[in-house]
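Labels for the chains are A, B, C and D, by order of writing; each one numbers its residues from 1.
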Amino acid sequence: MPDEKERRVWNALNSFRIELPSWGFANTGTRFGKFLQPGAATCVQDKFADAAQVHHLTGVCPTIALHVLWDLQNGESSVAEILSLATTYGVRPGSINPNTFQDQEYKYGSLGNPDQAVRNRALDHLADSVQIAKRLESRDISLWFADGSNYPGTANIRQRKQWLAEGLRATHQKLKDKQRLLVEYKPFEPCFYHTDIADWGMSLLLARAAGERAKVLVDTGHHYAGQNIEQIVAWLLSENMLGGFHFNDRRYADDDLTIGSIDPYQVFRIFHEIAFFEFETGEEPDIAYMIDQSHNIKGKMEAMVQTVMTAQELFAKAALVDHEFLQKAQSKADVINAEECLRDAFATDVRPIIEAWRKSNGLPVNPLQALHESGYVSQISRDRAEKNSAAISSYA
Amino acid sequence: MPDEKERRVWNALNSFRIELPSWGFANTGTRFGKFLQPGAATCVQDKFADAAQVHHLTGVCPTIALHVLWDLQNGESSVAEILSLATTYGVRPGSINPNTFQDQEYKYGSLGNPDQAVRNRALDHLADSVQIAKRLESRDISLWFADGSNYPGTANIRQRKQWLAEGLRATHQKLKDKQRLLVEYKPFEPCFYHTDIADWGMSLLLARAAGERAKVLVDTGHHYAGQNIEQIVAWLLSENMLGGFHFNDRRYADDDLTIGSIDPYQVFRIFHEIAFFEFETGEEPDIAYMIDQSHNIKGKMEAMVQTVMTAQELFAKAALVDHEFLQKAQSKADVINAEECLRDAFATDVRPIIEAWRKSNGLPVNPLQALHESGYVSQISRDRAEKNSAAISSYA
Amino acid sequence: MPDEKERRVWNALNSFRIELPSWGFANTGTRFGKFLQPGAATCVQDKFADAAQVHHLTGVCPTIALHVLWDLQNGESSVAEILSLATTYGVRPGSINPNTFQDQEYKYGSLGNPDQAVRNRALDHLADSVQIAKRLESRDISLWFADGSNYPGTANIRQRKQWLAEGLRATHQKLKDKQRLLVEYKPFEPCFYHTDIADWGMSLLLARAAGERAKVLVDTGHHYAGQNIEQIVAWLLSENMLGGFHFNDRRYADDDLTIGSIDPYQVFRIFHEIAFFEFETGEEPDIAYMIDQSHNIKGKMEAMVQTVMTAQELFAKAALVDHEFLQKAQSKADVINAEECLRDAFATDVRPIIEAWRKSNGLPVNPLQALHESGYVSQISRDRAEKNSAAISSYA
Amino acid sequence: MPDEKERRVWNALNSFRIELPSWGFANTGTRFGKFLQPGAATCVQDKFADAAQVHHLTGVCPTIALHVLWDLQNGESSVAEILSLATTYGVRPGSINPNTFQDQEYKYGSLGNPDQAVRNRALDHLADSVQIAKRLESRDISLWFADGSNYPGTANIRQRKQWLAEGLRATHQKLKDKQRLLVEYKPFEPCFYHTDIADWGMSLLLARAAGERAKVLVDTGHHYAGQNIEQIVAWLLSENMLGGFHFNDRRYADDDLTIGSIDPYQVFRIFHEIAFFEFETGEEPDIAYMIDQSHNIKGKMEAMVQTVMTAQELFAKAALVDHEFLQKAQSKADVINAEECLRDAFATDVRPIIEAWRKSNGLPVNPLQALHESGYVSQISRDRAEKNSAAISSYA
């Protein structure tokens, strides 16, 4: 590694870890139905096995995000099973994801429901989730609320805001030690008129109302068309309110496509804003990088490995930006040179450097090809096929 | 009816009929799950019963759109049952909707699938659907293709265009007498990178390639943000290519909210363009008005009755536009007066006139209230509750 | 006024005042050029005369927003002239609008400019504007910053955020008594990559950083497609951060069309959220209603009168919502009835009540028609034609 | 050049030419004003000089698009001057751009204006433009119509469609030999309610109505948010209706940023669809690649050189796609490998190959740096400064 470029990329790769979502290995789909994959995970053990395989091939995915309702079906009683799986597979539990949108009771919302009994039920589930996270030694509880309404006039927007603030504050009080609440926002879907936490501003205000260990969770797919996500990231950094990311890509709505598949330059710019913040402040913000995608067409395992490789690649490119030069160009409003500084980093083909880094770390040079050669997908497709042919759902 | 306004509204109401979708009475939802309604229809008989009730209350819904896969589960063999239900309930079969998106085989498309066997399967289903339509004496076969791709490079866009054109041509050849093919477009969902029939221009070209009885089907929710739907309607009218509508409303994507719930002025303008076309040309275009919504929060029956009432109201307002005056103002570029001409019609409260029309036709003055008073929803909620508590689906 | 509906509308009309923008009477256009109107105002006296005429016809526009650069060309020295015009024409100075975007120095921003000299220049202009406002007894200083960048990497987003915060804080310190700073946001244009104050969340954080008399200014045209403006209004109300509105309508971007011309239901919902807040809290928030439109096709005077009438009409409709009923329906998640409560108010034709109110206040029943009959537009078209034929600008 | 990759890139570069817009060298801006550049071109001679300099540095810009109103101010009488400049500077006249939007007469439209006198005026200007093009031996006449309306009801959409069709047909009849009409579309701006030619479907229908040498002109900035431009390109190719491009980039509306500055992967995909079409059909479609940007912040010359380099780079990347492999992967619905095929090409750093190509063609290896070193910008900034300090326009 004689080269400055290589050194920057290696440092970046050494520091970069990304969390796998357990639900990314299971069959998902759209409201029009699911296309079942024979190798899709059907239980939490499958999910750990799959995550372990991805980590084995890439070396940068030591944790798996867990979904309380789907992965810990007996709540706290499932903790032992999870810990055992973690030991077996060598992948630690990552962020804990409560679910306050699936049960029939949540038709009109969870923490924002006009019925106090439902609000309490949601609160209890959140408290359980914090407790589960403690037992699993998970730091982050990731909160996404589907709360909102479909038609004008049908929900009291201000009242629901207050209920959400109270619920988050109560949940925050349950936190212990270094635990954090990550508050996600989303402009729409499944609610189509108003969503109680619709944008980063709403997340930030609610997180501040909740307590100092509540931060904002940025899902890259949860923005209006044209919105500048990297600017939001820069603002959250400057406000010390950026908690983490749910990564995915999209063209239109919350399409949950694999990261960088539609607009790789944007992901690069997000990583750049973080690296630039670190350069300028000397701080290392505590950011959870997590994948949240819905691979309803791509093979689950292939999609996940491809995603990790793409994230690494774009993170590595961002590490190439010459911060001193950029700072100087910006301070002189030297538009062309400042822009070229970013463009040069993005245009650089970092794949050879990443391959060298992998080799030096005893990892397969091309994880995607290694996955193919491993026969893993064929194996799980045979093993799990029967279980996967069962549950077909349709639109109506 | 001494009054010119009243006369125009009555004429409009006398001519206006709108078709109910069988699937609008069944449980639907989002990809995050369905909120089950105890009174939701669980079989085609329920759907006929519900449609009949809506027609009974409103008097303007004599037909029900049928979905081949869900409503004629034995294909052509189910025709007799449907005809019998039609007789029993006094509601005729309306448009016939094939389904080439739900089966696992269609993962990579139907008519656009690279696998010829799958394309043939889709073609066969379309041929069956035409045959079913004949037997049911249904005029229109409504075609919505979910075909497309999720990632750049994964589909041959031009090749798929050609396959779609060939498939539509072949299907068109099966038509008999006055039957029509209605070709729907949609920018995205369930495909998120490219959709084979993404906009009205693609529908129009494919419909023309199919044959002269193929027309474009406009789903009001299937447009880009900001797109001027009434202009598309005006163009399709002038090209003699407007076949019909799927009505619903939305804020963001294809939200499938009830018509006019978000932007009633836009629906009014669509109806206005049609009425203005009739005034200027003396022609009466053959347009199928159909509802296509997904009432996953609103009560199924209430939503449908409310929808019909709203459609009537906006159609009636459009009938109030003074076409002579408008034409003159437009021809002089008299911007303010031309606009005020539309605004005046929209601002007029036509509800009293509609109520009078209902009374004179022996219909309940307020169908929504009549529905409530009829006890119908309570009744079906009791009768169907058990069957509806079964099939809960979740995201992952 | 025996009727409860009429009483509500009268109360609403008695309380509703809306401010006219001086620049709404002058020739404006798009980047492709201006279509000149012979009667357009060419000096501040013309603007006062036009505003006075609108107030004379409608009775609800006692103030005119002034633009420091265009209306007080000698800065504080122009104050005497303005005060004299105010006396002559009976229209008071309203909000004061600094301009930190037009001068060549502001090419790379004003308060966010990397050059300290430019930042100081902007600060000085803001201080002058506050001083002018004091002298004119204007309460509000409306701040719109065009600051931002056109290309990735060319601006230091966090650094600029800090400069903006400092500049606003310094400006806030100049305020006296009841003066307020209104901080506007806009997603894009004239900057196309990033805008320093891009959304309500950024406005709110900067306003809070500035001081307690800084509030958020909502321009209805400055939102992403699909964004729920009334929800933002409700949140700002609940945070005590809503300072005022710039009203206009649009389909796509910041089109600056006349209010309610594209989506009247949305304006109604905004007014509703305010009225509902007042009902629930008993508070009367101090909200400046201001028009900010660019009538480049409509006649200036006609557009303004039409705008005021439309705003009144939608404000009056919002006053018809039955808050007790709505509150109850919302608390029971009675979706249909809650929505119908809003729909009923919107569908009501309030024009006859407004006409009665006008008559009782000695105002023309139809201000638009009265404008026409007054001959005012013909008169100013003759008087000002020559001055208006001068300054044609083109794209390149 | 032993390498297949290099060979493909060299072939691509040998074939790639891109046309410079004369107006790209002049001062432009937004409706809020223009930031003047001292070196901006102020006359057609300046524009030729600047274009020649760009061609000198890059070697791939032999033509300059001309704007009839701005560059041939005496109409056909200016032809001699243009031909002389072409000889002097070694840059040929490219596409000819009529202007039917700037004059005051066009307030309510040109070919779609309800006043026949204005329609005739526009027709005459189009005929003059065809004649000028003949005299200049320019093949393409590029037509962009700003026609449309700002408010519902104010324009007769169908009638205007017919007038546009007639006008285009009449203009087409004036064409000679290989001349072509290119019909551009744009969803909005400067019209904000409806634009007469709003999308590719409208362009295509009007071009077909005009005649066989009328084709569609795709401006990359003229699309709805999220619209798949490369799909439109593929459809136009398959319909033999793609005439050319106006290249620029954007985040929101028609931002006219430099190509590839916001979403380079999209430009790559557009070039890919064209290359793939050529591979599959063996045809070489006659496509005019033209730049159409508004550099109101970037230096005019720097922006243009940077643009040409970026276009080359993305065109070269597209040439790297392995078509045989891709075709096979697509035909098997091998999603991951098909996508990786594109991603691999895009990730490749083609800059070293391009530099070698430049060297071998006697061109500066880095044209942007060569521009800087040439002192050209400093020179024109000194020479033209005075003329450029004149015409400042403001918003109101």
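Everything that follows uses one rule, which is that a residue touches a chain if its C-beta (ideal position, glycine included) is under 8 Å from a C-beta of that chain, and two chains touch if they have at least 3 such contacts.
As the structure is a prediction and not an experimental result, all values here were calculated from the model.
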The larger set of C-beta contacts, choosing between A-B and B-C, lies at A-B
Distance between the CA centroids of subunit B and subunit C (whole Å) is 40
Subunit A and subunit B have mean C-alpha positions lying a whole-number Å distance apart equal to 37
Subunit A residues touching 2+ other chains are 107-108, 150-152, 187-188, 193, 225-226, 228, 251-252, 261-262, 265, 297-298, 335, 339
Contact graph of the chains (line, ring, star, complete, other): complete
Subunit B residues touching subunit A in their complex are 23, 26-33, 35-36, 67, 70, 101-102, 104, 107-108, 146, 149-152, 187-190, 192-193, 225, 250-253, 255, 257-258, 261-262, 294, 296-298, 391-396
In the complex, subunit B touches subunit C at residues 225-226, 228, 251-252, 261-266, 297-299, 302-303, 306, 313, 335-336, 339-340, 346-349, 351, 368
Within the complex, subunit C is touched by subunit A residues 107-108, 113-115, 150-159, 161-162, 187-188, 193-194, 198-202, 204-205, 224-228, 230-231, 234-235, 237-239, 265, 269, 272-273, 277, 280, 321, 326-327, 329-333, 335, 338-339, 341-343
